[in-house]
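Two complexes are shown next, each including chain A; its partner changes from chain B in the first to chain C in the second.
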Partner chain A sequence: MTKYILKRLGQGLLTVFLTVSTVFILIRLAPGDPAVSYAGPLATTEQLAKVREQFGLDRPLLEQYWIFLQQLFTGNLGTSYSFQAPAMQVVAERMPYTLTLATASILLTAVVAIPLGVWMARRPDTNRELGVNVLTIAGQSMPDFWTGIMLLTGFAVLIPLFPASGFATWGGLVLPTVTIATLQIALISRMVRREMTSNFAAPYLTVARSRGVGSPALTWRYAMGNSAIPVFTALGTRFAAMLNGVVVVEVVFAWPGVGSLIVRALETRDYPLIQATVLLTALLAVAVQLVIDLAYPLLDPRVRLGKAAAA
Partner chain B sequence: MNAQPGPGRTNTGRTESGHTAEPALLEVRDFQVELITDAGIIRAVDSVNFSIHRGETVTIIGESGSGKSTTAMGVLRLLPDDLAVLSGTVLIDGVDVVTVPKAIDKVRGRTVALIPQDPMTALSPVHSIGSQLFEAIRIAGAASKEKDAVRARAIRLLEQVHIPTPEVQLKKYPHQLSGGMLQRVLIAIALASEPQLLVADEPTSALDVTVQAGILDLLLELQEQRGIGILMITHDLGVARLISDRIHVMKDGSFVESGDVQQVVEQPATEYTRNLLAAVPVLGPWDETPAGSTSESPSKTAAAGDAALTSTGVQND
Partner chain C sequence: MSLSDTATPAASAAQPPRTPSASAVTKELVAKAGATRRRNAAKWKLRIGAVCTLIVIIPILLAQVLPLPDANHQDLSARRLAPLVDGHLFGTDQLGRDLLSRVLHGGQVSLTIGILAVVVSGAIGIILGAAAGYFGGWVDTVVSRVLEAQMSLPLLMMLLLVVALFGPSIPVITFVIAIAQWPEVARLTRSMVLVEREKPYVSAARILGLHRIQILIQHIIPNVIKQATLVVLLLLAQAVLLESALSFLGAGPQRPFATWGRIISDGQDYITTSWWMVTLPGLVIVLMVVGVNLLGDGLRDRPRRKKKGA
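Up next is the complex of A and B:
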């Protein structure tokens, strides 16, 4: 087990390293000059040269990469051009906001989507199930910036129940969370329905029914117990994706998270800030993925006992 | 094998009701199952009558699609309610489960138990053998619900079906056991409620031939000990012969022939039964020349039998 964890940890760190290295090269290949963004459009050639020298952008690419690697191992990715503060610190300050939003969204998704999917699976082909089915297709099809703007118009402007932007009060969490969860609930509930439907048709369920197992136990203990792995994986993967910043929703709601930060960092070609954001979110995503992998054996004995069974 | 046609014995339903001393464990009268499919309504089971008393084994034998498994599943109301329409009378220990659908909850896991076709898929893969057996014991409600008592009973049940080291097996998961062992576990689960009637839906067809005999021996042993009635569904005449008291030959949803096992095997009254008999491979010296139609290959005779039967229009009860 320890060997397995170490192996997965090693793979994860390699993934992070390759990701940040790729981003390091890509942002330098992309058009745009950080010096121009920093010094302004009216800067003279001498001023630009001075800025480049200050940021170390005048050095050969390989040397820049070598410096970047050294920074990577000390955990200090340099100073953000636009914030004039350590880039890692800038990102770390934004991280809790994105974590809060992602956690709230995934919790809301799980709490609504799982019972909804089970409900649909238990009442196939009824009118109400058809109605909910259509709603989930709608939820899947609405782009989140549109959902966000509609919710803003509805519940912040016309009926001012919640703040329109920022995270000054807990109320500010509601609209962005609902916006993100709308799409996720639509996707996850349909997946739960699919998994549950196939498990309801499984022979072991008929046999369990034949020995007098009641309907709640058939649904939750048996069908849900056997649907847990794919559903849990989907929820975990979506959570990891949200940690990379829910860019569009954060921008719509002026949410002070990593998503809106990366937009600003890209606009200003703030290389250290981009690299710090990518490093931190990649690390988090890998950590979440590792937790998911380690949870599999708890949900499925076939994973847990893979080796013991062969012996 | 003697393939000489016997006297007209196609309707022996009446001899079954001769057992009037005690009420039947299972009394099936004019039972019909209609399946709703995309192609329309199919009458999968058409007016079948049979009964099973204590200690009796009644076998329904037929080819694939003859409706034998549908009969068994229908009797236990395990067909989906929205796709299968049941009619007629099914009395399980006197409880009518067709007229009063809810009544099945009183007999399932108590009076009657199912032994399924494929043991490999009949247990939930993510729950241990023990937890599924404990659950059955708790549902049966016979023993004390205390953990230790349930566990002790589980171990006793596994011993009764001759599973070695039951304590160890309880912790295992279905994928860690062989098909034969799983079928023994399923029989133990079925026995948890001390059922009076077992419905065995092709209990050996998914197992190796060497394992099949062990499972059938076990069923016979349990029947002898407890006087359980068994409804056996099979397409295997060898199985039917070994285990049954009475046999019903099913084709296209109806019984084409019914009677005492020896009688049906030795003097089949219909072409269909003769073809079923002929389809059993016979072990013997190579130079032995089988009599009559048995010289043809099993698949060919079966196909010929189908054609022959449809033209004869055999009557059933």
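Up next is the complex of A and C:
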């Protein structure tokens, strides 16, 4: 067990390290000079050179990478050019907002998508189910920025129920959450339906039914019990992906989270900020993945973690 | 993910009985059977999907032929006209350009990118997935690790980064979307090839002395390609969405190409006064993507006809 956790931790950290290194190389290959975006278009050559020296951008790439590695292990990724504050601190201040949004979205998704999927699986291909099925397809076919703008216009501008942007009150959480959840509900409920239909057709369920197990127990204890792992994994993976920034939705709603931060950091070529964002979000995503894996034995007693890793 | 789900045993029961009088299976029972309902559902999905897709695709293909104003013709005296005013079916935008014309011409760009991206990702995915499944060993290890690594990367951010790096030209965006999508095809192809590999016809081909690559290309891939292409159809829907998201964030093809995402992001500033500038292009995307998704779903669920001697 401990060995398994250590192994997974090692793998996770390696993934984070490779991700961060890839990003380090990619952003330095990219055209666009951070000194120009920092000093402004009117800066003289001398001023630009000074800025570059100040940020250490005039040094050879390998040396920059070496400094970056040292910073990585001390957890201090340098000062953000545009915020004039430690990059890690800037990202850490934004993180709770993204976490709140991601948590709210995944909760709403789970609460709606699981019952919906079960409902569909219990009456597959009836007219009503076909209608709902087409609706879920529509849900996964709407571009999320468009859904966002539509909700914004509808419920913040025309009928001013919720604030249009930012996170000043809890009401501000509603529209972004609904926007994200629309897509996720469509995806997860279809997945629940697929898992449950195949479990409903499995022999063990026929046996249980012939022994006289009631319908609710058949659905929730038997079929759901065996669908729990894939469904839980899907929810967890989605959640981990959201921590990497729900970029589009955050931009639409001017949500002060990591997603809108990264867009701004990319635009201004704020190297330390980009790296800090990638590092923090990748670490969090890896941690979430680990928690998901560790939860498997709770959902299915047959799972033994050490052996699951070997298989 | 089992594509040919669970209804196979019931499929034979759904066949109309040859001697109806002698059988206890009535027509009503057949109509109620799971397999029949499934077939009907698939049929309806195919129909609705085809209608939705064609409504969008035919005008896009005919954009040059249709009597429409030029997509880039500005007319400042006709700014932000509402739909149906002065012969502008979708209205005009903030520079007086005909919105319908822009949506259709933009659709040509968006669709080209989507189709190219899907062809590229399909090719990469099928080749690498088949190689990983068939050869196993280090090939499988490398492909599987790359798949895993890509899954743990922050995808949209990486795409934005690469577009920032190589410039938002159409080839770059196509390539970026293809890279984002190949894992899905590869994973599916790999799992199907793993199954095919153990079948007797492969052993037979090997005994006949065929080269391994020949077996893979001539015998195994034809058996899995049909299912793989179905997934590719679903990926086309995603590619269109992804391209519009990139365009929305400003990382789409630059002017003069008006892709769907850019039209929407341009119209966003006028949403309170000119609702059509965002709503209508978005509806076109939704209609098209719903259509493609329904087609993919319907084709997948459609009961497969048995081939002779299969």
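In this section, the second predicted complex is superposed on the first by the 304 of 311 C-alpha atoms of A that agree within 3 Å, B and C clash if a C-alpha of one lies under 4 Å from a C-alpha of the other, contacts with A are read in each partner's own complex, and residues count from 1 in each chain.
Quick note on the criterion: a residue touches a chain if its C-beta (ideal position, glycine included) is under 8 Å from a C-beta of that chain, and two chains touch if they have at least 3 such contacts.
Predicted model, so just to flag it, every value in this text is computed and none were measured.
K.L.:
State whether A:Thr126 touches chain B only (first), chain C only (second), both chains, or neither.
P.N.:
second
K.L.:
What is the contact status of A:Val134 with respect to chain B (first) and chain C (second): first, second, both, or neither?
P.N.:
second
K.L.:
Looking at A:Phe145, would you say it contacts chain B, chain C, both, or neither? Reply first, second, both or neither.
P.N.:
So A:Phe145 only meets chain C here.
K.L.:
Applying the document's definition of touch, where does A:Leu299 land relative to chain B and chain C: first, second, both, or neither?
P.N.:
Only chain B; A:Leu299 stays clear of chain C.
K.L.:
Regarding the shared-chain residue A:Val286, is it in contact with chain B (first), chain C (second), both, or neither?
P.N.:
second
K.L.:
Considering only the touch criterion stated at the top, classify A:Ser210 as touching first (chain B), second (chain C), both, or neither.
P.N.:
first
K.L.:
Per the overlay, which chain contacts more chain A residues, chain B or chain C?
P.N.:
Touching more of chain A: C.
K.L.:
Quick check on the output: what are the common chain A residues between the chain B footprint and the chain C footprint?
P.N.:
Touching chain B and chain C on chain A: residues 125.
K.L.:
Can you name the residues of chain B that touch chain A in the complex?
P.N.:
Within the complex, chain B contacts chain A at residues 73, 76, 78, 82, 105, 108-110, 113-114, 116-118, 121-128, 132, 135-136, 139-140, 173, 175-176, 186, 189-190, 192-193.
K.L.:
Residues of chain A touching chain B in their complex?
P.N.:
125, 202-213, 217, 221-222, 225-226, 228, 299-302, 305, 308-309
K.L.:
Which stretch or stretches of chain A touch chain C in the complex?
P.N.:
Interface residues on chain A, with respect to chain C: 15, 18-19, 22-23, 26-27, 29-32, 124-126, 129-130, 133-134, 137-138, 140-146, 149-150, 152-153, 157, 194, 197-198, 200-201, 241, 244-245, 247-248, 251, 262-263, 266, 278, 281-282, 285-286, 289.
K.L.:
Can you name the residues of chain C that touch chain A in the complex?
P.N.:
On the chain C side, the touching residues are 1-2, 5-7, 34, 37-38, 40-41, 44-45, 48, 149, 152-158, 160-162, 164-165, 167, 237, 241, 244-245, 248-249, 261, 264-265, 268, 271-272, 275, 278-279, 282, 285-286, 289-290, 293-294, 297.
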